[in-house]
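Listed next: structures, encoded as structure tokens.
Shared between the two complexes below is chain A, which has chain B as its partner in the first and chain C in the second.
And then the complex of A and B:
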């Protein structure tokens, strides 16, 4: 007699599902510490949004290697609902969400977690300084970022060093959101681009892990969690290249500041700014590509087209 | 002539020098002037400099319409209050409820009195002129021409169909492309390269070509809406789709598109 009050299992039993093993990430060819990965950035891909963009890093990525894929869509400036209190500036909201399938080895929930909320606030702080919010009173500008794929490196930090995965996501999100803002034609004083730099200690080839003489860490621009090596400390900046202003700085790990007699913080910041300046060139090219498409009507020759790649 | 593209934060490299001493520099949308001689771009776009009028402005292609004075727009009636209609000015992407709301006073029609005012029902399409545009207040509309005080085509649009285009396309359809074309021709003349660079489109070839063969009525709103009406629904749809398709086409391609569409009609 089956119990009607509980949900019974199937009578004939099932076999557990066997998944194919997760393919191991391929080792990428080593990069020079100051070499940046190529970025793919394209705007106006979400038709209903006022402005939108898609970012992929690195591009082209060999199959099986982890990549960072982000989409950004901007809605607005649109009128705030009548219930909202009066605001003389535009209200900017940024929302960053990881897709459930975005992280390797682990599915993420649909409800916003603490990491997503933290990144959203940082993103909002990085962007709000660039947008002329006073030009749009009583309106709201909503920015939505969806992380479609990320490179991993999202676990907590341990004695072995810090993880740069979240920093890469944030830097990518800043760049992607700026491209979408420019695509939407919202007035802004400058475009913000994100850049990451890290102090990485690479194990000497064939050396003993217990070797007392550890090599000095070097500044690596645009570090990837797949690169290997022990990341001692890392920094991400939101940088307005036209005005030479930093809108956001987030650092992790142990570093010596100037008053402690070291220059590690300055080195990291300079590295991150160098990355962000280079990323700004990609940002400009991506925005230009869409604009030229509209201008091409007046010339016989069609310009632009094709991927925007950073060399 | 090369196109000059500017990004937010870029400084305008050379400003036009006034030909007469008393002409002031006119700074158009998308640019901000910082005394004494710095003009910074705040939007992505193509920079245009008119030396004769001593003006600089940015030409971009947004999707969101921001009302400005004397713009002709196509708006939708939402409801009526005791002394005015509430209208929505939709942009090319936003649906009516999420758009800017505007006021159209009951008396803002030619020769309207309290007793003889046109009755507009919710959902009506109206072609109107922006009479008050201020970022802190809701815009106000009028259905008559500012100079002649006559309708001049403004008022309710009966029948027909409304099509969406981008804001840049709407501006070109209203003839802004012609001005820019003249500027470019003048620049070419100055450089002595008239024969090179091919034809410059004014963005309106599609309308000129359609108007030569078909009979239809059209109203273009700067908010990226185009209203088309004709005796035959087929003609209305043909005109609308030709306009929507010609956004990224050169003058010759636009003519070819229209010829193809007319052949199928």
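And then the complex of A and C:
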């Protein structure tokens, strides 16, 4: 006799659903160690925000290859909540969040975790030196970064060397946030761009990776976790190219400093700064783009006697 | 109008001119003895404000024409916060015998994105007979007040004053006629302001 009080399962049983496997990310075509990936950066894409930007790396990305996608939105300067103490400067808060779908194979939670908190603080430190906070007393500037896609995941350090995914996220976030701050019209002394460099040991072609005499690691600019090779150490900088100032430095892995008789730290920093300087050129063009468009449009309006292209 | 020597659009940190050549306007700062841009915008020169000053003023302005960017209200980006001396429009939110709390929604000529809280204290309502001022007969919640910022104030409030002929309640909705008349009697300048 069937139980009428509950919903019974089918009497004849079912087979478990078989999902198609997640396709493995394709390997990117190899790059020269000093070749940078192309960046897509566009501003003013989030209508309610005072300023916003979107960054994609690399662009154009071949289908199926891992990409880094970030959005930044800036709100403010807006009044602080009544509970906040008096502050003669603007209070900058940066919040970095990974979208739940940003890492393949693993869903991320909605609650802020330690990684996000750490990156938020680093991002805030990198940006606060560039913004003229004294010009905005008693107000708050809030920066929100959402990571939509982060290059095939952040699996943490494994035996294969240090992991550069998080560093790429931070460098991208710095660039993206700075573009959004400039788009918001907030006064800043310079734009900050992020750059990553790593010492990568690549297995010789055809040779065994576990060979006795390993090849010397080379400095790779803008390394991608999908590139392959063993990353010995890596550095990310936040760099203000206009004033030649480093606002943030984060290193991972083992490296020799100058007082240990090596120059690996210097090599990494120089590499990261070279990357950041190149990124700055993209950043400059991206923040100009909207205004140039506006100027061209208003010229068209003057010449065309009211006939305007619809946007 | 941008001068030929300047880039069409300047980006933050971009050096524009030596310090000695111009007076600083808005959107610029000094770094390494050079005037640098602080915002993304068009460099522009304007005539000196005083006769004694011979140098032109160099500013970097964000274009505020409609259609300059995809969003509306772009003009608000030049002057975002109330500053001491600014004329503002504010809406009275609550009153007590000592002060009226208001929300500032227009600073100068620009509409703010966010409302800033301000207070008008009893002694700042008018210039004369300050001790006889009654807040209850001067303001009512919902009134629109033209006022001047006199101080950045404390943590949450800007301090405002209406002690001038050109300042005071400019829009008031009456529940009872006598109170409305009282407001009119206190601020006769209303008739010209409206």
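The rule is simple: the second predicted complex is superposed on the first by the 277 of 311 C-alpha atoms of A that agree within 3 Å, B and C clash if a C-alpha of one lies under 4 Å from a C-alpha of the other, contacts with A are read in each partner's own complex, and residues count from 1 in each chain.
Note that in this section a residue touches a chain if its C-beta (ideal position, glycine included) is under 8 Å from a C-beta of that chain, and two chains touch if they have at least 3 such contacts.
All values derive from a computational prediction rather than experimental measurement.
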Clash or fit (per the criteria above) of chain B with chain C on chain A: clash
Partner chain(s) touched by A:8 [first = chain B, second = chain C, both, neither]: neither
Partner chain in contact with A:284 - chain B first, chain C second, else both or neither: both
Which of chain B and chain C A:182 touches, first, second, both or neither: both
Touching partner for A:242 - first (chain B), second (chain C), both, neither: both
Which of chain B and chain C A:137 touches, first, second, both or neither: both
Which of chain B and chain C A:84 touches, first, second, both or neither: second
Chain C-contacting residues of chain A that also contact chain B: 47, 50, 77-79, 130, 132, 136-138, 182-191, 240-243, 284, 287-288, 291-295, 297-298, 301
Chain C to chain A touching residues, read off their complex: 8-9, 11-15, 27, 29, 31-32, 36, 38-42, 62-63, 65, 67-71, 77-78, 80-81, 113-117, 152, 154-156
Footprint of chain C on chain A - complex, ascending: 44, 47, 50, 77-80, 82, 84-87, 130, 132, 136-139, 182-191, 240-243, 284, 287-288, 290-295, 297-298, 301, 308, 311
Residue ranges of chain B touching chain A (in the complex, touch as defined): 3, 5, 7-10, 30, 40, 42-46, 60-64, 93-94, 98-101, 135-136, 166, 168, 177, 180-181, 184, 197-201, 203, 247-250, 252
Chain A residues within the chain B interface of the complex: 47-51, 76-79, 88, 130, 132, 135-138, 182-191, 240-243, 284, 287-288, 291-301
